[in-house]
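Presented sequentially are two complexes of subunit A, the first with subunit B as partner and the second with subunit C.
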Partner chain A sequence: MRRIAPALVGLAVVVLVGAAPAVLSPFLVQFLINLFMLAVLAESWNIIGGFTGYASFGNVAFFGVGAYTTGVLLTRTALPFGLALTAGGALAMLFAAVIGMPILRLKGHYFAIATLGVAETMREVVYNLEVTGAGTGLVMPISRSPLPFFYVMLGLLVAATLVNWWLSASRFGYGLVAIREDEDAAAAMGIDTARYKTVAFALSGAFAGLTGGVFAYWITFIDPDAVFRVITTIQMIIMAVFGGMGTVLGPLLGAVVLASVSELLSTQLVALAELFNGFIIILVVLFMPRGLVDVLATRPFSLRRFADNVRAYRI
Partner chain B sequence: MLTLQLLINGILLGGLYGIMALGMSLIWGVMNIVNIAHGALIMLGAYLTFWTFTLWGWDPFAALPLTILILFVYGYLLQRLVLNLVVRAQLFLTLLITFGVEVVMVNLARMFWSADLRQVTPAYAGANFSVGGLTIPYVRLWVFVTTVILSVSFLLLLERTRLGRAIRATSEELRAARLTGIPVTHIYAVTFGLGAALAGAAGGLWGMLFPITPIMGGALTLKSFVVAVLGGLGTMMGAIVGGLVLGLAESFSATYLGPTYPNAISFGLVVLILILRPAGILGRRS
Partner chain C sequence: MAILAARQVTKRFGGLAAVSGVSFDLAEGEILGLIGPNGSGKTTLVNVVSGMLPYSGGEVLFRGRSLRGLPAHAIGRLGLSRTFQVVKPFRSLTVVQNVMVGALFGARGGARDLESARWQARQVLDFVGLSHRAEAPAEGLNVPERKRMELARALAMRPTVLFLDEVMAGLNPAEIDAAVELIKRIRDGGVSLVVIEHVMKAIRSLSDRIVVLYHGEKLIEGAPSDVLGHQAVVGAYLGRRYAEQARA
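And now, the complex of A and B:
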């Protein structure tokens, strides 16, 4: 029963959201597609950053690989979107696995900056390649209805959430958490840490790549600066952290709250929305580093918890 | 001849990379914070010089002391009021909070100064002289001389003064430093202030050679990190040597491989160093 009840609630929510475009304005449908995209990215970052504890600051690289693979296949070949998208996800996964093998050996700061470097390098590579349209970008064929994007993104979100749920309750997931808590101890327990980390990174990359592929076709025009944006990485990290790293629903919750506030602010001024992201990062780190899920789950709820969090790490 | 010219270009640029990395290496070494906002501090320094130059007509070199002072105070307050609260938290949180500071600074800069490219062009900006067929721009030479003066005075401060000893002691053993009566919170803030001041100086000088934008900081954070790692973490001389290595690598690669991959070059360089010499060029093996 304890497993069936959440599954039923989840299913009901998905059906309800799935029926929503019938009554929503086109603007709200577009907003929801964007929200789903950010939520998938947050959930995918959660696999490597939340469960495994490897703070990747460059997951936008996989998003970009997916977007560009799908984009190039759509514009230069007659491949249908489904196949192009699959290729995008697969290549992003492969790229994450290959790049992961050397850089997952780095730890802490070195790993974080290396991933930042990977993203920056990919942007430069795409800038210089002929096939990706270099600096001028790619224009996709235009699709008339936003509904396919809505359902594909929703499908990705469901899949990403299910994978996170699986991680929270499986041998593989426990292995990742063991690596996060103490990598040497995990290795001593017989966990093949290199393989576990690489698979987690590839899984994270696959979802980011698929999202990128849908993004490319949905947005119809991609160029290196629009795809490899640092702010995209910031968003996925902050949504996961705001909701609660290493939890199943935290990143989703974070995406819903922050994307809504961002949207409201960016109707005023785009820089204002990004500024808000920055302040949220600082405030979350100071006041609730374990995320919203932790705050909501602790009873009785009290403001002292925030004060305790601030006092925890100072000297 | 071309090789010699490239060598000179690389060294002149390398000095600037050196003082950028010096600031980052100091903060990293003493507080174990990798400051992702380092590039944003450089950007702030560049805009301050731009302001004093366009609004008041100050010579960019003459404006440096003011930039350094403002950035020092800013860095001191940032550490004392904000970063100090998480200085003992796990790496990810300190990284994330400096990331947040960077985003805030970049977007405030975008509001204040807009996203336009700005330039600091004093009257002598284009002048150069030739020695035996080699061309040396005056501005680059003076920028290099300034970075040498700054590095040397910084190293003297760290090695020869009471404050420098306190910083080194805090860096080596926090608890012992505290027991001997060193006000560690204050020392941490001063250290961050010094790091920010070096970044600000680097920014002020950078603005004379390259265009200034609010988003210039990202790539410079990456470069500072690369240089700090190249030279070996915690060794201040290492940062300077690393700066020269990166300057030379960029100068030669721009000519022989084309100018379109500057970040890929520096990133490739650091991966190479991490594999071949994990402790850096001058670093000790731990």
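And now, the complex of A and C:
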């Protein structure tokens, strides 16, 4: 019974959101597609960064592999979008697994720097490949309606959230959390840490790749600078951290709040929106390192809780 | 036949031999005390046997099968568990969740779903006397409680051989007596143990045999009464001059 109530609420929300385009302006539909995209990316980052505790600063590489695989197949072959997208997700997953095997041996800052390097390298690789359109980019066939993107992104978001929920309530997820908390103890207790980390990274990469594939077709034009943007990775991280790393709904909540606020601000003043992101990082790290979900779930809501958080994270 | 047999185990860090040519047998159902001064290589030996550090030489046979080269998780799943001298709790998890990890990933016959893992973890917490703290976050435990949780996690893995690395450090005399009783009950449950401990009273009453390490080498091995009174052992702990004075 405990599981049925949240499942029903979740289903109701998805149905409601799914019906929304009928009454929303085209602008809001586009905004929601973008919001879903950021939410999937935050949820996918959460798998490796939140549950497993490996702060990847290069997840945009998987997003890019997905975007370019899908893009190349759409422009150079007659493959339908569904297959091109599947190929994009699969290749991103494979890429994450292959690249993960060596770099997941690194820890902390070293892992973060290595992932950053992978993403930057991928941009340079794409710049210099003929098949990807090099520096000039790729122009996709134009799609008539934004609705397919809306529903595919929504579907990805549901799937990514379900995977995160599964991690929170499964043996595999316990293994990842144990690795995050103490990798030596996890290994001594029988967890194949190398395999678990690689699978988590591949899962994270698969969702980022699928998102990238949808993004490419939706945005209709991709070039290396538009796809492999460091800020995209930063956004994933901020949203996951703001909402609550290692929680199921935190990254989603973080994406909804931050994307909405930043959209509102940017209609007023672009510089303000940029500043806002900076402020959010500082405030969250200082006062709610466990994220919004933790703050909302903890009652009574008190200053002491903030103080405890600050102490626990030795800031 | 010995359930665990160390053969000339050697571990060098650069030019320093932290463990050098150490051999010992652990019989089934035995408690083997492993003692020696600080820096004598006890923890390094455990780290090598449990797969946390690679060997420089020798091997360890578990039921006749060599453990050398196996990764730590594979050794854990074969039924060899350990605790850490510096405890390594999964801080953000509750006590029962910490122990569940052991049940979920330990030796064959353990739980593979969360419900039965939780049930098994509860049993183990009852056994070590920590069930009143089951739902507390691990980071809120004091040192003796953390040591107990460390022990509970290792037990939840259903080991046949268990290495305890200073689980009694920081306990008061009453708690030490309780820990000694607990370890005997673990042995009575069919587990063979290697116990590293500085508390001599506990080692004396627990151990069937004692191995003494000194500068990474096995100094002596034998029954507690023989080993603990041996002049070389007193010398290793307190200095040769003190041992000579004590004899004079």
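As a convention for this text, the second predicted complex is superposed on the first by the 298 of 315 C-alpha atoms of A that agree within 3 Å, B and C clash if a C-alpha of one lies under 4 Å from a C-alpha of the other, contacts with A are read in each partner's own complex, and residues count from 1 in each chain.
Note that a contact is a pair of C-beta atoms (placed from the backbone, for glycine too) under 8 Å apart; a residue touches a chain by one contact, two chains touch by 3 or more.
Owing to the predicted nature of the structure, the values given are computational and were not obtained by experimental measurement.
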After lining up the shared chain so the two structures overlap, which partner does A:102 touch, if you call subunit B first and subunit C second: first, second, both or neither? first
Determine, for the superposed model, which of the two partners subunit B and subunit C contacts more residues of subunit A. B
Between subunit B (first) and subunit C (second), which does A:286 come into contact with in this model arrangement: first, second, both, or neither? first
So in the superposed three-chain picture, is A:187 touching just subunit B, just subunit C, both, or none of them (first/second/both/neither)? second
Return first, second, both or neither, reflecting whether A:171 touches subunit B, subunit C, both chains, or no partner chain. second
On the A-aligned overlay, A:294 touches which partner chain: subunit B = first, subunit C = second, or both, or neither? neither
Just subunit B (first), just subunit C (second), both, or neither: which does A:223 touch? neither
So the subunit A residues that subunit B and subunit C both touch are 312
In their shared complex, subunit A is touched by residues of subunit C numbered 50-52, 71-74, 76-77, 81-82, 84, 88-93, 97, 100-102, 104-107, 112-114, 117, 139, 153-154, 157
Of all residues in subunit A, those that touch subunit B in their complex: 49, 53, 55, 57, 102-103, 106, 108-110, 112-114, 116-118, 120-121, 124-125, 127-128, 230-231, 234, 237, 241, 271-272, 274-275, 277-282, 285-286, 289, 310, 312-315
The answer for subunit A against subunit C in the complex is residues 169-171, 174-175, 177-178, 181-182, 184-194, 246, 312
Subunit A-touching residues of subunit B, taken from the complex the two chains share: 28, 34, 82, 84-89, 91-93, 95-97, 99-108, 110-111, 174, 184-185, 188, 218-219, 222, 225-226, 229, 260-264, 267-268, 270-271, 274-275
